[in-house]
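Each of the next two complexes has subunit A plus one other chain: subunit B in the first, subunit C in the second.
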Partner chain A sequence: MTALLEVNHLKTYYRADGDFVKAVDDVGFRVEKGESVGLVGESGCGKTTVALSLMRLLPVNASILGGEILYDGQDIVKLSDRRLRRIRWKSISIVFQGAMNALNPVKRIVDQIAEPMLLHDKISKEDAARAAQKLVEMVGIDKARAKDYPHEFSGGMRQRVMIAMALACDPRLVILDEPTTALDVMTKTQIQQLVKSIQMKMQLSTILITHDLSVVAETCEKVAVMYAGKLVEFGDVVSAFEKPIHPYTAGLVKAFPNIYGSRELPVSIPGAPPNLLHPPSGCRFAPRCPIAGQECEQPPIGKTLSGNRYVECWKR
Partner chain B sequence: MSSLFKKEEKFVHAVDGISFSIRRGEVFCLVGESGCGKTTTARCILRLVDATSGRITFNEDGKAVDLVSASKKEIGRIRPKMQLIFQDPYESLDPKLSVIDQLSEPLDVNKATANRKERTDRILTALSNVGLTPAETFLYRYPHELSGGQRQRVGIASSMILNPSLLLADEPVSMVDVSMRSDILRIMLEIRKRGEATFLFITHDFSLAWVVGDTIAVMYCGKIVEMAPSSDVIRNPKHPYTRALISVVPVPDPKFQHKRVILTGEVPDPVDVPSGCRFHPRCPIAKQRCSEEEPEMRDVGDGHLVSCHFWQEPLP
Partner chain C sequence: MKKTTTPLLRTLSGFWTVYSANKKGVIGLALVVFFFAVAALANFAPFDPSNVDPSRTWLPPNSVNWFGTDWFGHDLFSQMILGTRVSLFVGVFATLISIVIGTMTGLLAGYYVKRLGELLERVIDFFLVIPYLPLMIVLVAVLEATEIPIPILWIVIFVIGITGWSGTARIIRSQVLTVKERQFVDRARTIGAGDVRIMIKHILPNVFPLVFANAVLTVAGSVLAEVTLDFLGLGDVTTISWGMMLHFALSNSAMYRGAWWWLLPPGVAIVILVMGFTLIGYSVEEISNPRLREKKF
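The block that comes next holds the complex of A and B.
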């Protein structure tokens, strides 16, 4: 069976002072229909760049230098702008990071939700308005408030509006970039449950980008762990947490406090991520890795272990 | 203590009649959602905001001072004893000051060191105490040359340099990458262990309060609703608000079966607070009495303080 989305050997670099920041360097993973994949890593590891590459929404100083992004069999990297427009938002949509602050302040929310439909679908204004009204209710906003302006909503409510916008053209894959990071824990839970229920109802695939591994534990089926531009581990969530393969994954899992566990401080990973202008020539995690050896001075070759678990590590 | 910010003839009841005491040498956690008044509480203690009424007693060298009524001059004398650790290490350091200049400033302003040599020695000690070793190599670095974790260490070193007895840490790790958070927390706990300072730790994250706190006070809408030793609050929460919040704390374990209590609605507008118990509009067990009569804080055993009429009732 072909996956809904398959990313192979993706390379996205940023130009900086005649040099390249290797933000995404040979990354591959796949998303099946109806599946939720969590893409985790620390700030600067390249997870947002992956998202922007999937949508081909990269800033001017960045470009995709290699690899393929197969959506339903067609390579997004090679698509013309016109063909791309048919995929963007209609097939793959995105809820941007901090986007709840990016709503147009002088436009009613229901009109903002209708906007992508008017742009991408052949639809009358009236039908778009009706559909937008439906979406408002679907994301749990009181329909009487559909004509309110963004400033009249709290952060959580604005994030619901953003989710409604992402769903406007009935996509099959929604990328959520840190959708709940700025929200309080109760609001966060409300939004997570909302996304989960919509996903089930609409058979959506989602890619959840976050630095918070516990959110992935609670809402995703698969997890892709990124470190310094590399995808170091990919596989099902339960195994990744119970028996992480890559030492970085293991370190991350141990770095989270658990209120049902002991009161000990979680264990940090020593050191800091490398500068991606000049990353280590071998394994990029080696300088911080507790089990690094001589072979780690060469870049590790990715391999798939039993249980369909992908890992990039010499020691495993 | 209460503090009301003025707003067009109406008042924001940011902190409204709260009482607590912090024992010397403990880590006292104020936990609550954004806007609950936890930061305002810290600002009142530092007299960055004038409390409208109430008392804040600061005991130092056997002398008790009321920070609310103290003169400007007296506050100026006491302030070096109380220091703030800021949330965002990217904003709290001056980008144009090297580490040594950054740390010299408080010493110079307070004429704390006699000569250059003594000043440098003190700075080196402060840097080593926060794990920036060898300290000499950090003196002439600028913030942009440091990682997020290192910046936050410099921030803590500059808060510690005047040997304060009370440190107010406002979300000190929320901007630090997960893999380095524990290091920052460990530094704080070491400072505490050496008996150098007492902490007021402000966070929205119960799992952090769990690993660092001795006492937890939970705030909602300007009030403390529950206060007890950390393990009692986490393992045996009594107030329905605390019970709900703890039930939704993310757990880094995909197999964990949550019994989530998801509250509907959002934190009320602090200008227009609900009658009776401020939590009653969102409370799953609220009864008539809750909207009429404000519950008093009472000891329900072993110093576990709760303000709820019906704390013994199970949640649905």
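The block that comes next holds the complex of A and C.
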């Protein structure tokens, strides 16, 4: 069976002063139908750039220089703008980072949710408004509030509105870019549960971008760990967090406090991520890696270990 | 809070609550409403303002002719009332033209910054820098000389309209530049909205308060422009307006004859009407920009 989304050797670079910032360099992963994949890594490691590449929404100074993004067998990288427009939102939709600011302050939320339907489906204004109303209820907002303006909503509610908007055209894959950042813990949990239940109900696949490992552990089946534009580890969530293979994943897991077991202090990873204009020629994590050796001065070759776990490391 | 039926009503009543607290705004609104009422009721003027009565010339204000009469024996009170209608008509329609051109140019110049924006910027600069009075005089003179079958009143409106939009365009452009960088514009593009839809459905509503504040201030300017053109004799001499009254007063040496009642009413009315519009414009600006709000102690 083919995967719903298959990313192979994706390269997305930003142009800067005649040079390239290698934001995403040779990244590949798969998303099966109905599966949720967490994409984690520290700030600036290329998570959002991957998400934007998937929908080809990159800023003008960025471009996809190689690789393929296969959605249902067709390569998004090579699609014409017209065919791409048909896939966007109808098949793949996105909940933006800092979604609270992605609502137009002077338009009613029900109209904003209805907008993608009016643009993509042949549907009358009344039907679109009715469908939008249903979505509003589905994400847990009182239908009496549907005609309110964004400033009358709290941050969590606005996030719910953004999720409703992402579901407007019945997509099969939803990308959630930091959907719970800047929300308090209670709201965060509610939003997570909402996403999870909608995912079950609609048989959605999701890609969840976050730097919060606990969110991934709770909601995702697979996890992709990125470091400095590279995918360092990809595999099943439970085994990846319990027995991390890549030293970076191990470092990340150790840097989070454990609420079970012995009372250990979180351990941080020394050093800082490399400058992506001139990354290390070998393994990009080597300068910070506790187990780096001679061979790490060459770029590591990705390999798949038992349990279908992909890793890019010389030492494993 | 009391529950009202629709968000629009709630917004309007909310706006009124804020607006009515602004003293300047209320005074300005009262003045403008007064003049609009006079214009609406102009048919009830006591005399036909073009009626010539040779037996009643150069009369100072009296119980029959409240504002006195002029050299031809016209009733000046009736002329004032009908002049209000013409001045407001020209002011409002010229503003409509200015605001439509200004808003569209501003939107396009702000949205397409690169080539089209550069071009439009230069056009806006041109209209900002050129002294508008000589331009208007030349345009009106040329258009009237071409003998196109358009009433002179509409020529005046057209000329005032196309010379007074550059300020609006500049202000709208700068606001569009900031609004289009907001995230909801990206989102609109993501869901497949085209440029025209983004401009009209997403950006325009966000700059609309500015359009409105500008429109009110532009009316004041347009009324003044109309008075100026009429006073210089470029308007329609058969239509009575405040500017025309001043024009005839001057050309019949009303000052020399001591006929202050012929000059004073149109002059004072112009000042008050323009002040009314300006006060409204400033208070709308204050309300939409909280930093300018009156400090209360």
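Note that the second predicted complex is superposed on the first by the 310 of 316 C-alpha atoms of A that agree within 3 Å, B and C clash if a C-alpha of one lies under 4 Å from a C-alpha of the other, contacts with A are read in each partner's own complex, and residues count from 1 in each chain.
Basically, a contact is a pair of C-beta atoms (placed from the backbone, for glycine too) under 8 Å apart; a residue touches a chain by one contact, two chains touch by 3 or more.
Note that this is a predicted model, so its numbers are computed, not measured.
Colleague: Clash or fit: subunit B against subunit C, after overlaying the two structures on subunit A?
Modeller: These partners fit in the superposed model.
Colleague: Looking at the overlay, what does A:22 touch: subunit B (first), subunit C (second), both, or neither?
Modeller: Touch partners of A:22: none, neither subunit B nor subunit C.
Colleague: Once the structures are superposed on A, label A:258 by its partner contacts, choosing first (subunit B), second (subunit C), both or neither.
Modeller: A:258 sits against subunit B, while subunit C stays out of touch.
Colleague: With the two structures laid over each other on chain A, which partner does A:160 touch: subunit B (first), subunit C (second), both, or neither?
Modeller: neither
Colleague: Touching A:309 in the superposition: subunit B (first), subunit C (second), both, neither?
Modeller: So A:309 meets neither subunit B nor subunit C here.
Colleague: Scan A:94 for contacts with subunit B and subunit C and give back first, second, both or neither.
Modeller: After superposition on chain A, A:94 lies in contact with subunit C alone.
Colleague: Applying the touch criterion given at the start, work out whether A:269 contacts subunit B, subunit C, both or neither, answering first, second, both or neither.
Modeller: A:269 contacts subunit B only, not subunit C.
Colleague: Applying the document's definition of touch, where does A:241 land relative to subunit B and subunit C: first, second, both, or neither?
Modeller: Only subunit B is touched by A:241; subunit C is not.
Colleague: Give me the angle at the C-alpha centre of subunit A between the C-alpha centres of subunit B and subunit C, rounded to the nearest 10 degrees.
Modeller: So the C-alpha centres give an angle of 80 degrees.
Colleague: Which chain makes contact with more of the residues of subunit A, subunit B or else subunit C?
Modeller: Counting contacted residues of subunit A, the larger count belongs to B.
Colleague: If you've got the overlay open, could you tell me the nearest Cα approach between subunit B and subunit C in whole angstrom?
Modeller: 10
Colleague: Let me check the overlay on chain A: which residues of subunit A are in contact with subunit B and also with subunit C?
Modeller: none
Colleague: Touching subunit A in the complex: which residues of subunit C?
Modeller: Against subunit A, the touching part of subunit C is residues 6-7, 182-184, 186-188, 190-193, 197, 201-202, 205-206, 208.
Colleague: Provide the residue numbers of subunit A that touch subunit C in the complex, in ascending order.
Modeller: 55, 57, 85, 88-89, 94, 96, 98, 101-108, 115-116, 119-120, 147-149, 165, 168
Colleague: What does subunit B use to touch subunit A in their complex?
Modeller: Those in contact with subunit A are residues 33-34, 147-150, 177-183, 185-186, 189, 204-208, 210-212, 230-231, 234, 244-246, 248-256, 258, 260, 262-263, 266-267.
Colleague: Flag every residue of subunit A that touches subunit B in the complex, lowest number first.
Modeller: It is residues 42-43, 154, 156-157, 184-190, 193, 211-215, 217-218, 237-238, 241-242, 251-253, 255-260, 263-269, 272-273 of subunit A that touch subunit B.
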